[in-house]
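What follows is a pair of complexes built around chain A, which joins chain B in one and chain C in the other.
Take a look at the complex of A and B:
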């Protein structure tokens, strides 16, 4: 089973994403802050992280930097409210694997997550 | 100065000396023969040719003084100068003093002088109030496009000469004679640039405010001392009026510039406010929208879900669709906000038009609108951003197509105006047209007459066109269709720096649309 970490400071967003992916046989954990995300990344060892950029405490970019440092193989998909921010560029430079804008298209998101997983499996 | 006045005098001037000479020669000859015959009989034996030679020499020697004598007699005694010219000049200077509009004054001056005095060309050059240069404002006998280019720097030898000769006028022939070969060559160039053989300076106190430049239509019309004095007097009379008109014109120009920059600042303030608002909305509203749409999608996409009532499914789908639509508003707003300055490159406008066209060709064929494209041959390259320009074309075409409806006709034209170095884009439709009231508000953001429109198309188009230093205008009458005209300069000035009304931070956060959709 694929381990997926959902990070967003909006609990409701975490909740429906968890419902959606669990329905598709993912093992899902959620984190409502940057700090919680870093903790989960260590204990839960997710293969894919859905990471909100704008959060109250530790910003999504900060989380990205740290999780990629700890484990470069983890796939990170950034979630943002705006497509045109330079934060997206910064995230891509920091090694984010993709980004998706809100409101989310769950079908698109699912495809993207599966793609990342298969690319993980393809590599030795 | 006025050729027609001279004709009767000229006939007398030519005939009288000859007649006098004839009589004089006859008298002298008879006297000589008489004297010789009575007193010195041995001289009669002289050869007749000697006599003829003597008389010819006498005639030739006395002709100039006789001619001069008659000239004096005719001009000063019999026909003293009762010319209409001084009267005319006085009248003209009065008229000029009553005129404050610069171009009206300049046209009056050059055309009156040119037509009445029959100069080949007359031009008025004047100092730029904010600069040192002298520019030709109006000219009689030249093409408008020719004289507009004529400029004299304050340091040019001709201007220096005028200053040195204050307050006298300059005659080309005389000036050239007094100079070295090299200097006179230089001066000739300037006289020729002004197409003048005579330059009458316009002085206001110790300031040279301009000059009247004259070219005689023939050498017979050469100006004499008296003419020059008259013209200099005329120059003194009109110089203050010319200067006053120049200053008024300049004040009006400055006023217009102020108004322009004021409206630009307002426009910028409006834009950055929209930008700020859109950014805020995106962050604050996209999250709730995500939740609404996300939960609906979870229900719709649930595995092994029980079959919903058709109506419930319909509602859920509508929820997803409408949240997407709401989110699009802020996206669209931000995409074109000032902060997202896009990179520019050399491109062909016709290619951008073709691309845009291929994007919507299918939709157009469904709408049943006939679109005609008229693209001029050999258009120069344009330096711009493909995305932005495509947006311009797209907005204009879609607007036109939506205006006409099925069976309508739309014409798109791209031309290049060489003289002004400007591209002209014209989009014409035969739709119902726009009322004057709506026409005034047409560029306002969120203004729309359609129920399904956002009202951002023309606003965004205008913003883009302004970014290139261009202009856009709409011409429309109800029932007459609509014409949109866009002018884009070939060499756009660098995008004017945004006069930021909000702190730098607000503009910086959302920067660059270069990172594309993935």
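Take a look at the complex of A and C:
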């Protein structure tokens, strides 16, 4: 089962995406802060992380840097609102695997997550 | 067994909803609301609260982007508003944009139960795998959004938005009355949204248009003003060129306006300006008359008179490009008409001749008479006045002559000093 970590400071978004991916047989954990995200990244060992670029306490970019340092193989998809698109370039430099802007199409998101997983399988 | 009354999530005892009353209330608000945003929020709040639903959400088409976003969502299981968008190929959107005949009736609204029923009936999608696939995808999408029933809002052919409703907390099914109520709401909301959209765009476009029209009008005015200035200097030129000229052309204008005032004519608005322009410009066509005729010191022969008379149509031609000067042009055209119909170019009589032209005619004649006898100024004015009186009723409008004489006696003496 694929482990997916959803990081967003809006609980509704976490809850919604958790249900969405659990319905598709993912194992999902959620984190509402940068700190929780780093902790979960360590203990839960997700294969894919959906990471909100802008959160209250920690910059999503900080989280990205740390999780990639700890585990370069983890796939990180940045989720950004329109007003934070200027951070996308920085995120890609820091090793983000893709980005997706809100409001997003769930179908597109699902396809992207699955694509990341198959790329993981292809490169052991 | 004790019967426990059902309670909604606010702990209130669930009262049966009076839908007619609710519709009336909402309809009233709709009229009041200029912005449909508040109306949409009212709808989600009302439905979630009064019917005790897990959630209610409204999807609205973003006109320029060809996608639907969640405008508002309320309830314990509300959808994250900023997260999701539904593109045109999304199963829910596609369902309501489909034109499949067999499932046409299900385009009015679709429920989870109905999808199940349709999927159980192979007749529906027999030989049409695309319909089956749509239904399967629709079922899945409805699950993702925790939707029990979806009601589309159309405006004409366009799918403006969709009302998505979660299930009742009581897990009861929606009644037909409730569904009709939702449909009415969504229908009216779609109109409100579309109307306000049109309205906003209309206002925007109107403003743009108004600005442009103003600019065009400004340029046109400017152009005409310039033209008018040129006209005036031309008229002055003509006047100065005429050897019989006496005094300044503005005296002609002053006498004419005085006469009109004496007659009690309505000179409000632009009427006074029209009269003035007529008085100033009536002979502008003389610019096209050869000097040997215009400046001839002796009497003109028949041929020369023919040419001289063309100054009227020449003046009309010069003034025609000025769209604001229609009345002025008419004055110029008529200033050689006579009260008894013996004038030119058209032989008009009496009231057929614009009153301003009748005034110009009198003032112009007076001016011509005094001018030709400028070496005998004192007598010539008396002669001119007598001449006017003598021709009142034939060449001139007697009322105008009368007014001119009175005005002249009151004010005209100052002319001597000029």
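The criterion applied here is as follows: the second predicted complex is superposed on the first by the 122 of 124 C-alpha atoms of A that agree within 3 Å, B and C clash if a C-alpha of one lies under 4 Å from a C-alpha of the other, contacts with A are read in each partner's own complex, and residues count from 1 in each chain.
As a working rule, a contact is a pair of C-beta atoms (placed from the backbone, for glycine too) under 8 Å apart; a residue touches a chain by one contact, two chains touch by 3 or more.
Keep in mind it's a predicted model, so treat the numbers as computed, not measured.
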Chain B and chain C placed together on chain A: clash or fit? clash
Return first, second, both or neither, reflecting whether A:54 touches chain B, chain C, both chains, or no partner chain.
first
Per residue count on chain A, the busier partner among chain B and chain C is B
State whether A:92 touches chain B only (first), chain C only (second), both chains, or neither. first
By the touch definition at the top of the document, which applies to A:20: first (chain B), second (chain C), both, or neither? both
Given the options 9-17, 45-53, 135-143 or 315-323, the segment of chain C that clashes with chain B spans residues 135-143
Chain B and chain C footprints on chain A meet at residues 10, 12-13, 16-17, 20, 23, 81, 102-107
In the complex, the residues of chain A that touch chain B are 10, 12-13, 16-17, 19-20, 23-24, 54, 81-89, 92, 98-99, 101-107
Chain A partner, complex, touching residues on chain C are 67, 69-70, 78-80, 82-87, 90, 143-144
Listed in rising order, chain B residues that touch chain A in their complex are 279, 282-283, 286-287, 289-295, 297-298, 301-303, 323-324, 327, 331, 334-335, 340, 508-515, 517-518
The residues of chain A that touch chain C in their complex are 10, 12-13, 16-17, 20, 23, 81, 102-107
